[in-house]
Amino acid sequence: MKLGIVVNEGPYTHEASDTAYNFVVAALEKGHEIFRVFFYHDGVNNATRLTVPPQDDRNIQQKWTDLQAKHDLDLVVCIAAAQRRGILDENEMKRQGKDAYNIAPGFRISGLGQLIEAGIQCDRLVTFGD
Amino acid sequence: MKLGIVVNEGPYTHEASDTAYNFVVAALEKGHEIFRVFFYHDGVNNATRLTVPPQDDRNIQQKWTDLQAKHDLDLVVCIAAAQRRGILDENEMKRQGKDAYNIAPGFRISGLGQLIEAGIQCDRLVTFGD
Amino acid sequence: MAMLHIVNKSPYEKGALESCLNHALEGDTVILIEDGVYACVKGGRAANALASVKGIRFAALSADLKARGIGEDKMTEGVDVVDYGGFVDLVTSCDKTESWL
Amino acid sequence: MAMLHIVNKSPYEKGALESCLNHALEGDTVILIEDGVYACVKGGRAANALASVKGIRFAALSADLKARGIGEDKMTEGVDVVDYGGFVDLVTSCDKTESWL
Amino acid sequence: MSEGIKKFLYVNRKAPHGTIYALEALEVVLIGAAFEQDVSLAFLDDGVFQLVKGWDTKELGSKNFAPTYMALGDYDVSKIYVEKESLEERGLSEDDLMELTYEDEDDDWAEKSSIHIVSREEMARLMAANDVILSF
Amino acid sequence: MSEGIKKFLYVNRKAPHGTIYALEALEVVLIGAAFEQDVSLAFLDDGVFQLVKGWDTKELGSKNFAPTYMALGDYDVSKIYVEKESLEERGLSEDDLMELTYEDEDDDWAEKSSIHIVSREEMARLMAANDVILSF
């Protein structure tokens, strides 16, 4: 089946991102297609490459980045939610006149239409949040 | 009186930062001393200068930065909480081998001892969070 | 040694106000802020619960009431409305604060 | 048209599970994940509430039970323990999902 | 579902202002309106507080997004369901809510109320009758 | 308060794992232990779930920070109060909790339990008896 995933909370602060990651891994193992993972609300905070988690803890951003590379996942960060929270890619950095950007490899910034499209295209949409 | 303030949630997502800001302004107007504002948990997300809030909304980071400049406030961001969430100053960027940093003017990164010290030194400690 | 209890959660979503009231002592003050002010809506289950509490002073933050459309006509009785300055005064007039997050 | 309801909140802190049960229809499934698994602790008020619900299937995520020290000895009856793969199967076998955030 | 049209239900269960979920949910609804799907909004639990009229966010200093609810009708979002039991428990009635309207193109563009007060049981059936549920 | 020593109370009301508050609260307690204040920890409401023994976070993939609770005694954090009513409502008893101990320097370093099960009323008085309350 074609599955869409929504992640609404940031890493570490809430378990939602861990659950979504584990769910996606299990779905891929079962042969399902992950149409898209959409990061909304504080979920956009999963996409910063500037995190430095403690050495004895997991690196959630890195786990998403690695999973994306392995399975060519479409990890979409909502642009409006990302701007509000200071998650920028190089393009947004230039457009907004900022002097740095922080998006991690494997994530792309796009609009809320990508969430609606996932709802339309997918057989199931599953939301993880708080 | 000498007041210490703790902010535990990020801007926009929760009202805690707005409340803390308005409380600090009111306390200063009444002649109280703000010993320190300590940002913990997701509160560290108040300190990124990369936010681009919608034009018709408040810029919470800028409000803190401006208030700091006006009253020489001590705005302290917890280093452990900040690392986990990707908030870095230039020094931390170098130390962690990262290629960008995002801390906003007026905030400084330091340890949890600064929170305990605020508890010891202040007549009142007030926590805003979720 | 009076305490200022700070409650910022909707009493309809979370148990913070109930737990606070279970632990507040006579002479303490409870200030309702943020979504906590929903406890003030007249006729609501939470407002009825507030009315049954004795020996505790209740206050609510005006900015949060106004933002949520809770005007005087919708306010339950027995809750003092304070602005941020009044909130500061409550903090300094009590001995310490406890936030029921 | 069975629904999979996903509940990730502690029933002792928030009203999500109660609201979910108020809106679940016969034949639906409720999966308890994250702090939602605390509803499974035998003898707790929430577990007693679960036991009184008819016509709904309950599941709980093993990873979240284990993380929280809720072993078989502490589990209430009538809740199926599933792993992440079992969670995926529930999603695909029901017609749609609703997350009670 | 008929010919690619899906029934979307946006479920709003959280109060406004204290957290951003209500505001960001609205942003999804507005964008979603462009996709020509069958859209309904449900307000239950603390979500009913989102529709209480008379917001004034000046003292708080945050954005007053009440006008966005008023604009929903212009975006052809006209099916708004509010749970009666949730209102009553919170001391509210329909009179306390914003007046949300739309112009009915099938009735000479007459202005009609978008708000339907429904029982908990009707709300449960409404949820079951949709294809995609987005929760906030 | 006597000669600069303040009574600090850390109030833990949230469950572990679902959110980070429990873990980051512990980080404050450990740092705070170096400051030679009078420290107590309170666990009530869902906070009592933090002390349930037998965590295994392997399948979840998150950090198992249960050992940090066990280490509190080594940091001279030995006054841990757990509310009886909160336990009972959740189907728990003291037997379900981690064994947290400290070595009593006034009693020839005898190993003693740090956990005190207290009633709701005692918890209320405990809160009132402290100078600084940090809530998580």
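Just so it is clear, A, B, C, D, E and F label the chains in written order, and each chain counts residues from 1 on its own.
Criterion: a residue touches a chain if its C-beta (ideal position, glycine included) is under 8 Å from a C-beta of that chain, and two chains touch if they have at least 3 such contacts.
What you are looking at is a predicted structure, and each value in this text was computed from that prediction instead of being measured.
Enquirer: By label order, what chains touch chain E and chain F together?
Expert: A chain counts here if it touches both chain E and chain F, which gives A, B, C, D.
Enquirer: Would you say C-F or A-F is joined by more C-beta pairs in contact?
Expert: C-F
Enquirer: Counting only Cα atoms for the centres, state how far chain B is from chain F in Å.
Expert: Spacing between the chain centres: roughly 27 Å.
Enquirer: Listing for chain E: what residues touch at least two other chains?
Expert: As it turns out, chain E has residues touching two or more other chains at 14, 17-21, 45, 60-62, 132-133, 135.
Enquirer: At least two other chains touched by the same residue of chain B: list those residues.
Expert: Within chain B, residues 12-13, 15, 22, 41, 54, 80, 125, 127, 129-130 contact more than one other chain.
Enquirer: Return the residues of chain C touching two or more other chains; collapse runs of consecutive numbers into ranges.
Expert: 8, 12-13, 15, 34-35, 63-64, 83, 96-97, 99, 101, in rising order.
Enquirer: Chain pairs in touch?
Expert: Inter-chain contacts occur between A-B, A-D, A-E, A-F, B-C, B-E, B-F, C-D, C-E, C-F, D-E, D-F.
Enquirer: Under the definition above, what is the set of chain C residues touching chain B in their complex?
Expert: 6, 8, 33-35, 61, 63-64, 83-85, 87-89, 91-92, 96-97, 99, 101
Enquirer: Name, in rising order, each residue of chain B that touches chain C in their complex.
Expert: 1, 3, 8, 15-16, 19, 22-23, 25-27, 29-30, 32, 123-130
Enquirer: Which positions of chain A touch chain E when the two form their complex?
Expert: 6, 40-41, 80-81, 111-113, 115-117, 119-120, 125, 127, 129
Enquirer: Would you mind writing out the residues of chain E in touch with chain B in their complex?
Expert: Chain E residues touching chain B: 17-20, 60-63.
Enquirer: Quick check on the complex: what are the chain D residues that touch chain C?
Expert: Going by the criterion above, the answer is residues 12-15.
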